[in-house]
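In the two complexes below, chain A is the common chain; its partner is chain B in one and chain C in the other.
After this line comes the complex of A and B, so read on.
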């Protein structure tokens, strides 16, 4: 079992730090402290952090913050950011209105 | 049994995602070989980052050296047009599915396309750093600043602090000044400048201070940036108390690297790796840019952050590989086509800034000369360091002084000199050497050809106690002949009085003005910039 998936690993208690109030994911207004706390609450992967906090799920789809979030999670787990699997990439790649998403062009003769 | 194909899905031999330098290059090469190609780009204009690049590019002729980026962009567009490439703009590829099917959003509809091969050339996005106040309006990416200035003609701010000393930070700092902004300081947490020394030197000589081993403590302001505090950091990037410095600025520009926009490839199921040397999540590709999915290629920054010059070559190669994959050309034809490109790409990947040398501590040039420590730590070559470089020689009369002191793949200066005074030689990264025994015609072509603005024409003794220094000047307004002012040294400090004695412009200089100033002769080797009296 690699260290990352070892949930019994003791990473210590969450201790608040200066800078915890700083917003990291600006679309969803998630702070550094919330992300750090989530790791201590057992969210060890980027996918879990996303689902738990919605960090990286807003308008920019993590374009700005995903690297920052990854860095924070990695530091908390004491691993290299490169060891963390990035969150799943999904359609749509860019924010899109549902009415557009559903509006498939049936007539391609134009 | 396979599902019946949708009848509303358009088919192409090749779909290229991204109309930047690599995507367009790929489409051109494929189209030329008979491949029916379509390119999608989410932007309103094609060309990717090229149309923001107003500086002259490095390299040799085959890399389009000394041509400004936006001109290269126009050339690519013309070439794509001639090759019959179909480019669809304002078209966002929102998904890449199995069997090379893509979904594209244009306007308020989504369209399905299927390609027999696909080249992903989506480029990169800017990294951010966090500090107190980083979400305040006025904190922007350097790329955003470039977009505002160079595409939309809008000044990003009046007074700017730049964070990041890589080539993006250095080039954009210079462009900010060209746009009429004041650059208060250039700051980097690293102990040494990340980008080309020549880019740093052209910023430093205008008087911009460099703060290496410093970073931003906080952006100040309530609803927008009104100032910034920086402080020195120790070896572990921790702030050193008591070293804080404040600057009144309305804009903070962040240039801390790029990350490949590789999500489409990940979505498609390509094998990926996290490679810090390539900038982050990149597809694992073979020597042909092919991902783990046959027929799905990646080219340009999406497969590893480099320069636009290498992206264009990678793109051309990917276009040729795709043509071979599709059976439009034979393997032999492919090998013939790419041999030259391989050599060109290899030429670009040499020197002290080559990807293979990233993170290495290089102390000497390939010639065995000690690299200027001042250049690495403060952005300019010290007066006591300059004489050891082969481009710096002395003779009576006008002669070139080349302050090019790091091995970078670039040689337009050699071709620019009709008198053959300047020698780079076969190794494109060699430092240019000046042969003082040959006559200089004072034509100024070398000065204008140097993408790093590192060449000066100096007459060390005009016979009346003065010397003249000719320098590349890319600011407006251009001072008139007779304008009096102060000469600035390499470090941007005033060194002496100066008078503009000659202003030269020419189509051959490609918008670089040659400003000749007269200074007391003892400052001939010190005066490197002109600042008019207020």
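After this line comes the complex of A and C, so read on.
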């Protein structure tokens, strides 16, 4: 067990800062303040932040914002960004229409 | 080697563990939740299709889920301080042929027998509810009191509120063994040698529950199958209902965000490879897409942005194992939800908390007892 394990460890109170209204995840329009507040509500990992706020769930799947989000979360937790896991990437690599994705059996007779 | 003590230990940080922790913490019980992975809700809790349904359930678990839908889901968002996105707009299970009709009729009859309002409707009535459905749909079962919600925010909402009320959560802490002291279960040993001690210990660790229970001589017959799901980009609003099909080719709903979340199957669910983390195979998502397009031709152009996989923890008889384990005093179990643990989770959390605090539940859960599994002869 390391210091990151205890979800009740003291990370200080949430204090409003200038810049909290800045949009970080532009696909889902999530602000810096929302991300910082989410950390204080117990979301200590990139995965939980994503599931809780939708940051990283939009069209670009976090390609634009994830490094920024990681920096904000790490600073709030008073850890190095290297201590936070990378956000999980999943198939498909970019958005793909249902009819195209469905078409893997191209060679078979319809 | 460190030692910790609480009134209650919950092993498993999914929605079952988090909901139980919340209902306990709400009543000033000191509770510690131990989660083996680095994330709260990383199992089925965050991977399911969001169904909150009564229809299609085994009668043994129906009273619990109906209790939850009547008493807990309607105000859950306010109570746990998140938008659970709970919608009670009904559940349609779609069919295209005579075989489907038989399946749906059976489901409808079983539901009506236990007092649940489920009706059969024909294709035209279905298209009055959802005009975008293909003309091939000829029949559906319709349950007006079913619905859907967001499993990610609901799980994390229970976690956040339980934590705020004083429940302690540890992630990255894997429990290796349950240990009795003078005949009563009191301790759990973790992978780094720490010992946690409590008067009562609840095992809600999904598939891993089986191995843990084995350390005190209890076996729950269960297996796993790997299911997959996908999500589209935001689309114009099409429908509010939870959908499924008689053939189980797909199920899902349209979210508040506008994206569609659909699960489905390739047929290989019981045989999919365990890659140590739930991973999609290349054949399932295309199969789900083909399934969806047969019912929603208009969704052919919708773009898929993400796919994922998750384990369904299947009990030998299709319903969970729940309640006290009398032969191990202090042990409570809640596992093997067989792919339908989300909608019932608030009721489970509420009733397990009651069981822990008072020794009884409001709903009769004797049919879900751990030692119900008997040989066929």
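The rule we apply is simple: the second predicted complex is superposed on the first by the 106 of 110 C-alpha atoms of A that agree within 3 Å, B and C clash if a C-alpha of one lies under 4 Å from a C-alpha of the other, contacts with A are read in each partner's own complex, and residues count from 1 in each chain.
Note that contacts are C-beta pairs under 8 Å (C-beta built on N, C-alpha and C of every residue); 3 or more make two chains touch, one makes a residue touch a chain.
Since this is a predicted model, take the numbers as computed values, not measurements.
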Combined model on chain A where chain B meets chain C, clash or fit: fit
Touching partner for A:7 - first (chain B), second (chain C), both, neither: second
Which superposed partner A:92 touches (first chain B, second chain C, both, neither): both
First, second, both or neither for A:104, with chain B first and chain C second: both
Partner chain(s) touched by A:17 [first = chain B, second = chain C, both, neither]: neither
First (chain B), second (chain C), both or neither touched by A:42: second
Chain B versus chain C as contact partner of A:26, first or second or both or neither: first
Chain B and chain C, minimum CA distance [Å, superposed model]: 7
Intersection of chain A interface sets (partners chain B, chain C): 90-92, 96-97, 99, 101, 103-105
Contact set on chain B toward chain A in their complex: 8-10, 42, 92-95, 97, 103, 105, 108-112, 125, 127-130, 132, 134-135, 259, 263-264, 266-267, 272, 274-276, 280-281
Chain B contact footprint on chain A (complex, rising order): 19, 22-24, 26, 32, 63-65, 67-68, 81-84, 86, 88-94, 96-97, 99-101, 103-108
Chain A contact footprint on chain C (complex, rising order): 2, 38-42, 46, 82, 152-153, 155-156, 159-160, 163-164, 168-173, 190, 192, 194, 232-233, 257, 280, 282-283, 285-286, 289-290, 292-293, 299-308
Residues of chain A touching chain C in the complex: 1-2, 4-8, 41-45, 47-48, 51-52, 54, 57-59, 61, 85, 90-92, 95-99, 101-105
